[in-house]
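Shared between the two complexes below is chain A, which pairs with chain B and chain C, respectively.
Moving on, here comes the complex of A and B:
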C-alpha cells in the first residue's frame, strides 16, 4: 500500500502593536496578571470594540507580502463559543471576508525552492490565559486562574491550503513565515514566547487517490521541534492504522512534548458550530485603494528577494536562505564585507561560522561598539595575502571581540604576522633537520607521517609565525633533495 | 413653588431668574417619588442623598450667574441598562443584581458635563426585552395614569418616572420601540434618534444594530435639548456617526406620508383616530398628505424577532459568572456557567437567547438569520425610496392604548405585536418620535409616531413641535401630583 500524507497549517502570529486590537490597553510582556485591562477587553456590560488601525495595516502588509488578493470590503464576525478565558464568550474574528485570500509563500529546503499556497490571511483577537491547577485540562482542574492581559491582543491567522507533504516542508514554511513577520516588523517572531503558534491538519491517503484522507488536527504547538515530531508521529500513526485497516477518526489531538505522542483532545471537531455572524458593533471595514497603496510603501525587501540578491554575490541558495533568516546586523555585515572583499565564500564563512560561533561561546549577543565592520574584511584580506594564518586569524577575532583594538594591532602585538620569506624559512628548516636527524632518517625510510612532526617543530620554534603551507612545501623539497 | 410640571427651558429660565433653586426642584421630585413609588415602582434605585451636594452646587452656579447649560440642575432619571460609574447597573436582571459599573456611559459623561442631576435608575424589562416592564426581576412597574395598566416597555420605569414627575426627563433605550411605546402609553414624548447619532458606549447591549439611547420627556423641546446634549460621534463606538444633520422642511411645504400598512387590521379604531385627527390638522395648515404603501413593513416583526434575538444570543453570552455578576457554583467551570445562566436569566431573556442561537445555527442560518438580513436590507431600500416622495411618515405609535398588567404575559406573540409600528424605524435606523395627542375612552393616553430619513432628527423635532402646538395635549395623570 503506497500512502501519501497531506498537511495544512494554521498559524497564529501575535502582532507587535502598542495597543490591543479593539481597545487602547497596552500590549504588555509580563508575568504579572491582569494589569492591562479595560471594560472592553474583559467584556464588561456596555463596552464596545473599536478596531486598531495599526493592526489592520500589519495584517494587510502580511497579506500583500504573500501575494494575497486583498478583500477591500472585509468584515468582522463573531465566533461564538463558551470558555472562561474568552471574556465575551465570542471571539471577534473574520469569516467569509478575510483581509487576504489566495496567496503563496516561497520556502527553501537545502538547494531547492518550493511554494506553499496560502488560502487566507485574517485578523482575530487573542483570548486570555488560563492556568489550571490539579490538572492540565479545564474539565478536571480543581481551580483555574485567569489572566486577561493577553485578551484582545491582535493576532493574524495564516491558513495554508492542504499542500504540505512532509514535516521538513512544514518546518521550512514556519521558518519562512517567522522571518517574513520579523522583516515586515509586525511581530517579534519569538517562538519561545508563543508569538507564533500553529495547528497542523494531517491526513494520509493512497498515493493515487484524488481525495484526501480523514484529517486530524494537532492543536497549539509553538516550537519547530514539536511541529516536526508531531507531524512525523501522526503520519506514522495514521499510516499504520490504514495498513492495519483501522478507521481514522476525525478529531483534534494534543501533542505531548514529554511522551512525544499525540492523544485525543476531542473528537468530531468538524461539527463544532461557532454560529458566525457579522459583528453588529463593527460596521463593514473598507480597505480603500489609498490605504492599500500607503501600506505598500511600508513593504521592506522580503526574504525571497533578499535571497535572490544574496545569490548574485555568489552564495548558494541554502547559504542565501540561512543569511536571509539571520538577524539584520548579520545580513548587513555580510553585504559590507562582501563589498570590500568580493569573496562571498570567505565573507559567509567568517560571519556565519567563526564570528557567530565565537560570539555564542563568549555569550555576546551584539557586536561590541568598537567592532568596526571593516575588521572582518581586514582579517580576510590578511589571510588571502598570506600575512596571517587561519589559526592566527581566529586568535585576532577573539581579541577584537574582547578588547578595543584592531586586527593589525593584535597581529603585531602577538607576533602573528607570518614569515613568508622562503630564504628565512629554509634557514629555519635546515636548523630543524640538523636537530632532528633521527626523524629525518625515519621519514626517508618510509614513515611519511613524521613530516607533520617536523612542521610542528618548525611552527613551535617560530612561535607559529611561519606560513605553514610554505613551510611544508619547502620542508618536503629539502627532504627530497 | 412646584415647577416639576414645567419644561426644561421654562425651569432653566426660573433658575436663571433666581425664582427657584435647583435644590428646591430636586427636593420636589423626590417628594413626588415618595408619593408615587410604592404604587408605581418606577425606580430600582433613587439617588437622593448622593446628589444633594450636587444640587447645592447648582444653586451656587445660578446664584452666581455662572451656569452655562440648559440642563444644569435638571433632575433626570436613567434607565438601568445605562452605566453610571460607581452605581449599580442591574438591567433588571438577577444576573447583575450585585453589579456596579466602574465606568460612565458616554451619554452619562456628556450629561455630567452639563451638570445634570441624576435622580435614580429606572426599572425595565430584563435586558430591555419586553413591552410592558413586567419582565423585571425586581417587580413590575405600573402606569401612572392607571395602575391597573402597564406603563409599556422596556423603558417603562423611565416613562413612569417622568409621568409621575419623579424626574423632569429620563433616558431610555429603544431597540424595537422601547422608548416610544412607553412614552405613548404614559402620555409623553419619546424620541429614538437616528441609529449612530447617540453613542452606545456604556449602554448594555441587547441588539447592537438596533439599540439606540434617547429621551422620554414631557415636551418635544425637552427631547431636543437632551438629544443635542447626548449626541455626537464617539471614538469609543465604531457604529457612531458624525451628526451631520440634513435640513428638510418642517413648514407646510413638507409632504406627509400615511403608511397604509400601519392603518389596517390589528390597529385599534382609537389609534387610527388619533392619526386621522393629526392628518386633518396638517391638511388644514396646508401640508400635503398622501397615503403611501411599504408592503415589507408587514414583515417587521418576523424580521425583528430573528435579528434581535440572534444578536442578543451573542451579546448576553458574557454573563457567565466568571468575572462579575451572579455566580451559581457547579462541579466544573462549565457547570458553573450553566447553573449561573439558568438561574440568572428570566424566561423572556432565555426565550430570546434560544431563538437567536437557533436562528444562527449551522443549517438554519440561511433560512432564518440570512433571510432576515436580506429582508431588512430591502426594507431600508424601500424607506429610502419612500423618502424621495415624502418628508415625514405618520402612523400610530402603538396599535392600542396601554394594556392591563398580566393581560399579555402568557402570550408572548401578542406582546410582540404591540411593537408593530415602532420596529420598522429600528430596522431601518430612522429617527422616530412619539407625540401624545389624546386620550382613549378609558382615559389612557394615545400617541402618534412620526418618522423621517436618517440624520434628519432636528427637522423631525421641529415638525413634531408644530404638531404638538396644534394638538395642545394637556392631559395629566391624576392622583400623584
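Moving on, here comes the complex of A and C:
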C-alpha cells in the first residue's frame, strides 16, 4: 500500500505592539501576574473593545508580504468557548472575512525552492495563561490559577492550505515565516517565548487518491525540533494504522516532548462548536486603498528578495538562505566584506563559520565596539596574498575579538607574517634535512608520509611563519634532487 | 434553509442541560424563529444587493493609536476575584 502524508499548519504570531489588541493596556513581558489589565481585557460587563491601529497595519503588512488578497470589507467575530483563559467566554477573532486570503510563501530546502500556499491570515487576540495546582498533573488538578497579562495581546493566525508533504518542508516553512515576521518588524519571532506557536493538521491517504485522509491536529510543539519529530511520529502512526486496517479518528492529539509520542487530547471540534457570530461591539472594518498603500510603503526587503540579491554576489541558494535568516548585523557585515574583497565564498565562510563559531565559543553575543568591519576584509586579503596562513588568521581573529587591536598589529606582534622568500625557506629546509638525515633516508626508501613530519619541523622552527604550501613544494624538490 | 435541527446537539454546544419537556418547548420556539428568518430567502435580490454588509452598528470601525493608557492596578483588577493566590485569579480546575 503506497501512502502519502498531507500537512497543513496553523501558526500564531504575537505582534510586538506596545498595547493590546482591543484595549490600551501595555503588552508586558514579566512573570509578575495580572499587572496589565483593564475592564476590556478581563471581560468586565460594559467594556468596549477598540482595535489597535498598529496591529491592523502589521497584519496588513504580513498579508501583503505573502501575496494575499486583502479583504477590504472585513469584520470581527466572536469565537465562543468555555474555558477560563479568556474571561469573556469568547475570543474576538475573524471568521469568513479575514484580512488576507490566498497567499503564498517561498521556502528553501538545501538548493531547492518550494512554494507553500496560504489559505488565510486573520486577526485575533491571545488568551491568558493558566497553571494547574494539585499533584502537578492536569487531570488531578484541584484548581486553576490565571494570569491575564497576555489576555488580549494581538495575535495573527496564518493557515496554510494542506500542501505540505514532509516534516522538513514544515520546518522550512516555519523558519521562513519567522524570519519574515522579524524582517517586517512585527514580531520578536522568539519561539522559546511563545511569540510564534504552531499546530499541525496531518492526514495520510493512498498515493493515487484525490481525497485527503482523516485529519488529526497535533498541538504542543514548542520548537522546530518538536515540530519535526511530532510530524514524523504522526505520519508513522497513521501509516501503520491504515496498513493494519485501523480507522483514523478525527481528533486533537498532544505531542509529549519527553516520550516523543502523540496522544489523544480531545475529539476534534467543528466550527459549530464555537458558535461564531459577528461581534456586535465592533463595527465592520474597511481597509481603504489609501490605508493599504500607506502600509505598502513600510515594506522592507523581504527574505525572498534578500536571497536573490545575495545570490548575485555568487553565493548558492542555501548559503543565501542561511544568511537571509541570520541576524541583521551578520547580513550587513557580509555585504560590507563582500564589497571590499569581492570574494563571496571567503566572506561567507569567515562570517558564518569562523567569526560566529569563535563568538559562540567565547560567549560573545555582540561584536566588541572596536571591531571594525574592515578587519575581516583585511584578514581575507592577508590570506589571499599569502602574507599569513589560515591558522594564523584564526589566531588573529581571536585576538581582535578579545582586545582592542588590528589584524596587522597582531600579525606583527605575534610574528605571524609568512615567509614567502624561497631562498630563505630553502636555507631552513637544508638545515632541517641536515638535522633529520635518518628521516630523509626513510622517505627516500618509500615512507612518503614522513614528509609531513619534516614540514612540521620546519613550521616549528620558523614559529609557523613559513608558507606551508611553499615549504612542502620546496622540500619535495630538495628531496627529489 | 432547512428547519431541521438537533436540539440535543444545540444544548451540548451551549453547555446546558435541558429536560425532555424543555427540549420540546424550545424546539417549538426555535422552529418558529427559523421559519421567520427563512422569509429572507424569499427576497429576490440581485448580486449587488446580496453583497450588502449588514451590521447592527451603522458606523465604521474606529481604530486607536498604539499608546499605553494606565488602567487598573493589580489590586483593583483582582479585587472582585472570589479567590486568588500569589496574585493570580483562582477558579475551579479546568482542562482542555
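Everything below uses one rule, namely that the second predicted complex is superposed on the first by the 471 of 481 C-alpha atoms of A that agree within 3 Å, B and C clash if a C-alpha of one lies under 4 Å from a C-alpha of the other, contacts with A are read in each partner's own complex, and residues count from 1 in each chain.
Convention: contacts are C-beta pairs under 8 Å (C-beta built on N, C-alpha and C of every residue); 3 or more make two chains touch, one makes a residue touch a chain.
Keep in mind that this is a model prediction, so the values were computed, not measured.
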Original post:
Which partner does A:19 reach: the first (chain B), the second (chain C), both, or neither?
Top reply: second
Original post:
Looking at the overlay, what does A:250 touch: chain B (first), chain C (second), both, or neither?
Top reply: neither
**OP:** Would you check which partner chain A:43 touches, where first means chain B only, second means chain C only, and both and neither mean what they say?
**Re:** first
Original post:
Which partner does A:316 contact after superposing on A: first (chain B), second (chain C), both, neither?
Top reply: neither
Original post:
Regarding the shared-chain residue A:89, is it in contact with chain B (first), chain C (second), both, or neither?
Top reply: first
**OP:** Please determine whether it is chain B or chain C that touches the greater number of chain A residues.
**Re:** C
**OP:** Considering only touches as defined above, state whether A:273 meets chain B (first), chain C (second), both or neither.
**Re:** both
**OP:** Identify the partner contact of A:222: answer first if only chain B is touched, second if only chain C is, both if each is, neither if none is.
**Re:** neither
**OP:** In the overlay, answer first, second, both or neither for which of chain B and chain C A:282 touches.
**Re:** both
Original post:
So, A:51: does it touch chain B (first), chain C (second), both, or neither?
Top reply: both
Original post:
Same chain A residues contacting chain B and chain C, which ones?
Top reply: 39, 42, 50-51, 82, 84, 138-139, 141, 144, 146, 273, 275, 280, 282-283
Subject >> Of chain B, residues touching chain A in the complex >> reply: 81-83, 89, 91, 96, 99, 101-103, 105, 200-205, 207-209, 235-239, 310-311, 313-314, 317-320, 322-324, 332-334, 337, 357, 360-362, 365, 369
Subject >> Interfacial residue positions of chain A with respect to chain C in the complex >> reply: 17-19, 23-26, 32-39, 42, 50-56, 73, 75, 82-84, 130-132, 134, 138-139, 141-148, 265-266, 272-273, 275, 278, 280, 282-286
Subject >> Sites on chain C touched by chain A in the complex >> reply: 13-15, 53, 55-69, 71-72, 74, 77-78, 83, 85-96
**OP:** Using the touch definition up top, name the residues of chain A that touch chain B in the complex.
**Re:** 39, 42-51, 78, 80, 82, 84, 87-90, 138-139, 141, 144, 146, 273, 275, 277, 280-283
